[in-house]
């Protein structure tokens, strides 16, 4: 059952050094506030999983908390490179970053297998690609009916998944809507689940495209209005495209990045209470 | 037909990329140039084109160029929004999509794509690119693939440093042997002209030049000994309507940032 | 693209003798009117697929049009047996009925594989059950990562799928909501798709729980208000539980059944125009 | 505690089946007797019990007994409605459900279940039952399984004609060997009493009688040599509140037909 807790306490209890952590949200509903709390609490040696690492993981990687990244597309959407990600991969700064790299279809199916508590998923994928040569989480299976060889991807079961949603009720049932990406799968695949929400409402009204996660699959909810900024929460906030563009020069430079982190994240005042 | 001389090489690329979508029912749209092309197509040659973004939107009708594949307007204007795993399994792998429209960092003569890592010379670490995204399965499963990217020897290379996404492999038959349902890349539209695979060899050859561009210019911007088709055509100049639509799209896109 | 057509013409064009036909709808939105049109047109030698055959398939089987049934639970929900189904299996009346029998989990995943255009799907199922001994569409695969042996079920790709939905727009885009069962998968797995709808609307308004099938995955829509009776269409009609109960004595008796069919289905007046 | 003597054997079965759901968070509910029990539990011992139906509803709160697993009220009162494949893959196979509540046509001493075919004697065709439905995977994947059915030698048989759904196989260890995550059947609640698997043998033994029932009556209604627990208890008679809730549910259920 999901307790309604402060972000500080929920992160402290649910996210541990060395965890495999998924923070999902496909451009929409990215749990930035939770990532910043992780940075403030200096939770480290993380293996991060995410289809599209985005600026949120650029920040965690640059903060030196990440030893491995499981992903399928690591860019600043619509802008360019993730410079902290690149610096870690290319130059090992601030620490080397191990990669487990997939295609989107493969990553999505890894979460599906995880949510289904199957050890693997099958897809017609990775054909002719060098991707499979660099990972041990892609293999193959032969169809017992047709003999066709297909790609198998290993299930991805994070220790903890963190997502942002629009609403929770007082019992901790959660609803998100709009682009809901792979969040249901990432949550159901995980050992522990933390959801930050825009607000608590008396009753969840079913929404078109709404995904409901009942309280008994969630460990904690934290109320963090605007917790997806600079991404957005449909119906509450809009995407701060200017921030994504402004991130490029900040992230290009190690000092500028560190200063940004110190000023905007690692200060007492930046913490959500 | 009204034409104008006031257009850029990028506009030639974008207009021709949009034209390549005439007649398509559904297009899986990569972000960046492919998204510009697909949205322009919807405003010009193919108003009924169904735009599909990997964020899960089917039938998006944005009024401005989305900055990312997850912009809110893509969902709000869609016929349907589906979970990402469903998008890749039922819709893409399910063979529902006519055209996959891709960009690329590096492409070779068989239209194979690298978006993963590039060599930067001795003593230097590999340069890191964003990675595969949806491209390997888009290129495999869509009915056909269109590509759009700027022409330079940095992009059009003799040998890929890494094959992220298979185009035609090492020649005709490779796709079939790998059991890929779609026809693969049928055109690479650049700011200089259009390359298409020779049916006999699957090697990209120059089939069209944009107005004012020479074969030599294209060859100089290509990292392999580019062959030309028996007849190299010249693309129609952009019409005033095409240019107006393109510029309106871009202006609207800029407003959002 | 879905043409809006009469039920008569859509059935005549899309459903053929010998087809594998799926008519799905999990208690809700069962396409009875289309089944009756198939009976009127005497389309025969059908292989019928459906998770819960229900009274709709009892009628088609009793009418002598079915050579094989692919299913996972064949009863009159909440009432008892499907007597026409039993009579065909036990006594071969009016013709023998071949069975391909699964569990619900297996059937659902067969449709998922079909919609995904994969040759098979994987599940942790059928363990210790005799079911797998009576079908050639259950096999096993070994996980290439863990070595675990799992069930594999063959993809189910009907020649034609028929479903009932609440609404279509004038372009033939369809929306259904409420219990949406396995209809999306059954439709996307099929070679041809016919949707009967309660009504045509100017615009589909997104609904909570709504499943939208775009016109370009559908071959024909036919407007058949009440076309799910005695099942129901949420927001339009209610389930006619009395009919399900009344069906029991009708279906128990061959003559009573035949007379019911003659009076209620095989008459010119019963046809939807 | 207020009790009454005015109750039927079926009501004893239903009330005890409901009581068995005390403390459970989530229950995968079969139609018929299991649905009666689960809905009664929600109105008595376990108001917060999350009812899950294979039609895709999670957290249904019907006010009357549904006739079928797809009645409209199950969806309208649910916390979430999910597609049927998702129900079986993410929720059931995903290990999210504490208790699976099943009926059965035939059960053997190891709580294996047949709902497929029954032998009807020489020269007669097999008798056809409805089939498996969700039961094989419910029994495999739920944390534990409860069963409810009427006691007779027709139902409690020495040997199943067909194993549709594995309970405990041929004894302890079989489930583990087959890699089944859940604990399997922990109680079979009938109109005469309650059988539970002996921890040492996994064989169903009589552990409780309903008030007024004798061990001999239960043995006579069981197709194998039924063993009894060292101490056979007697179930608490239904309370007035339990009976009132049960009868109200059934009356509401009848209204709908």
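Labels A, B, C and D are assigned to the chains in the order they are written; within every chain, residues are numbered from 1.
We take it that contacts are C-beta pairs under 8 Å (C-beta built on N, C-alpha and C of every residue); 3 or more make two chains touch, one makes a residue touch a chain.
Just so we're clear, the structure is a prediction, and the values are computed from it rather than from any experiment.
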{"item": "Touch-network distance, chain A to chain C, counted in steps", "value": "1"}
{"item": "Chain A-chain B separation of Cα centroids, rounded to whole Å", "value": "28"}
{"item": "Whole-Å separation of chain centres (CA-atom averages), chain A against chain D", "value": "41"}
{"item": "Chain C, residues touching no fewer than two other chains", "value": "112, 116-118, 123-124, 148, 184-185, 209"}
{"item": "Sites on chain D at which at least two other chains make contact", "value": "89, 93, 181"}
{"item": "Interchain contacts (touch definition) - all pairs", "value": "A-B, A-C, A-D, B-C, C-D"}
{"item": "Touching residues on chain A, where the partner in the complex is chain D", "value": "112, 115-118, 173, 184-185, 188, 204, 212, 214, 216-217"}
{"item": "In the complex with chain A, residue positions of chain D that touch it", "value": "25-26, 50, 58-59, 79-80, 89-90, 93-96, 181"}
{"item": "Chain B partner contacts - residues on chain A that touch it in the complex", "value": "26-28, 51-52, 71-75, 77-79, 81-82, 85-86, 89-91, 101-105, 108-109, 111-112, 123-131, 148-149, 178-182, 184-185, 209, 211, 231-232, 234, 238-239, 241-242, 244-245"}
{"item": "Of all residues in chain B, those that touch chain A in their complex", "value": "31-32, 54-57, 66-72, 74-76, 81, 83-85, 87-89, 92-93, 112, 116, 125-128, 130-137, 140-141, 162-166, 169, 174-175, 178-181, 256-257"}
{"item": "Residue numbers on chain C that touch chain A, as the complex places them", "value": "116-124, 137, 139-146, 148, 150, 152, 154, 206-210"}
